[in-house]
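To keep things simple, chains are lettered A, B, C and D as they appear, and every chain counts its residues starting from 1.
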Amino acid sequence: MAGYAWLLRLLLLLLAVGLGYAVLSLPDQAQGLQPDVLGKMDQSGVTHPVTAVLLNFRGYDTLLEMAVLLLALLGIWSLGGLPEARPESEPGPVLGTLTQVLVPVLIVVAGYLLWTGAHAPGGAFQAGAVLGAAGVLLQLTGWRLPRRAAGHPLRITLVAGVAVFLIVAALPLPGGRQLLEYDPNYAGVLILVVEAFATVSIGVTLAALFFGADPTDKAPK
Amino acid sequence: MSVPFLYALVGIGLFCLGFHGLIVYDHLLRKILAINIMGSGVFLVLVALAKRGGEAAPDPVPHAMVITGIVVAVSATALALGLMLKVQAATGHAVLPGKSRD
Amino acid sequence: MEGMTWLGWSFDAFVGAGLLWLAWRALASPDLFKAVVLFVAFGLLLALAWVRLEAPDVALAEAAIGAGLTGALLIAALTRLGISMASGRHRNNNKEEL
Amino acid sequence: MQHLYLLLAVFLLLNLGAGMWRVLRGPTAADRMLAAQLFGTTAVAVLLLLAELENSVALRDVALVFALLAAVTAIAFVRRAWAGTEDSNDTR
């Protein structure tokens, strides 16, 4: 391997030069799809272009992306539990108070980001990530999902985002329209419903990814 | 040459740096970091090229793609870390089988 | 506005150079814990790059995930690998020179 | 005023270089982690300066999320990595 290190560097340098040439030869001024998006904004139900693209114009991407999140979680659960680091001590008073203050604030901020996503930067992914961080914080201070919530309630929460998105996507079908083709009059409400469920599902999925095992499993070795 | 192109070139640099690290280093955690850095480079190129409109607002489509990309990247990282821990539990070393242990 | 563009350029140049340097050090440093900390710092700097590229949505996602989740995930994985924080080397008897 | 904001942002960015030195030198893991936290704090300050510069509400949201979540990595470090290590009382 060591003898070929210079060859590898040379090839990667060539790749970098080629990619750089390709990027620099692109036109200096380009609007991309921005005029198309702005032209259709009045039909999207929201006023923020990125949210309109995420949940209306490119709804397929977002729907499948949430399925990818679930797949990653299934992958981790099928590993059968990860080795536990070490028995955790009780959180000290500082950490306990910090968590008691920070977790509600994080939940409020997640709600704010979700709400503001309709007209300004924000939305389901950012809100879900903040919610996931709140879940990670709780786990770090020794909190574990109660036994009775770990079975069906957890699973239903995890799939709720994809399920509600699919239902909303299928709603236009009986009216003779296409999958994910919302009525512009109701698009705003539908997007908010989809985003609300997606936020909770993304947050819980990210927190479960951090936990690293199916909580209904018997304690891993 | 303008600001977006500066960032696009940095993105290409990050991609190639990450690619180099992915090939050269044997420890799996380092490979995971390298893949993340490669992904960040790709995101940087996408977002930089979206801003070529000058004074106009940037193209929102690449932004939406990058946001989903960031969330997918973190979930893939979590899965990769889990697999790495399983490799370590099975072989005692967090390197790919058949690799030298350095 | 001459000074303004000059300052803006130097800001972008620092961010770009910092990104490349942090990525290089994160991959090349022999201590794994140091690599993780450098990677977290890389994520923070990347959020500034998104802001400069007028992508506040992406900056929000990066701030939430890069600052909160990735760091926690990597550190948890590092402890589960059994790597001592003091030296960055393995604690168990299969000593690996990292 | 605009010049001042951008100048301060560049200055804070240079300050990150000083933090970098701590991350690289160590010597203990806690030093590195605290330096990374300093990174986060400085990034919040830079974001707020840029928010004033561009008069953008969204950037204040980014700074808010940053400030809230920077603590999570530090807590993960304290809870998972630092507590219980044989040299946590180390005064090197």
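Assume a contact is a pair of C-beta atoms (placed from the backbone, for glycine too) under 8 Å apart; a residue touches a chain by one contact, two chains touch by 3 or more.
Values in this document were obtained by computation on a predicted structure and should not be read as measured data.
Comparing chain pairs A-D and B-C by the number of C-beta pairs in contact, the larger count belongs to B-C.
Mean C-alpha positions place chain A and chain D at a centre distance of 24 Å. Centre-to-centre separation of chain B and chain D, using mean CA positions: 22 Å. Here the spacing of chain B and chain C, counted between their Cα centres, is 12 Å. Separating the centre of chain A from that of chain B, both taken as means of CA atoms, is a distance of 17 Å.
With touch defined as above, residues shared between interfaces to two or more other chains in chain D number as follows: 58, 61-62, 65, 69, 72, 75-76, 80. Annotation for chain C: residues touching 2 or more other chains are 8, 52, 56-57, 59-61, 64-65, 68-69, 72-73, 76, 78-80. Shared interface positions of chain B, defined as residues touching 2 or more other chains, are 9, 13, 20, 50, 57-58, 63-64, 67, 70-71, 74, 78, 85. Interchain contacts (touch definition given at top) occur between A-B, A-C, A-D, B-C, C-D.
Across the complex, chain A is touched by residues 57-58, 61-62, 64-65, 68-69, 71-72, 75-76, 78-80, 83-84 of chain D.
By the touch rule above, chain A contacts chain B in their complex via residues 5, 8-9, 12-13, 15-16, 19-20, 23-24, 26-34, 37, 49-50, 52-54, 58, 61-62, 65, 68-69, 72-73, 75-76, 79, 82-83, 123, 125-126, 128-129, 202, 205-206, 209-210, 212. Within the complex formed with chain A, the chain C residues making contact are 56-57, 59-61, 64-65, 68-69, 72-73, 76, 79-80. Chain contact summary for the complex, chain C toward chain D: residues 3-4, 7-8, 10-11, 14-15, 18, 22, 25, 29, 33-34, 37-38, 40-41, 44-45, 47-48, 51-52, 56-57, 59-60, 63-64, 67-69, 71-72, 75-76, 78-79, 84-86.
Residue ranges on chain D touching chain C, taken from their complex, read 2-3, 6-7, 9-10, 13-14, 16, 19-20, 23-24, 26, 28-29, 32-33, 35-36, 39-40, 43, 46-47, 50, 56, 58-59, 61-62, 65-66, 69-70, 72-73, 75-77, 80-82, 85-87, 90.
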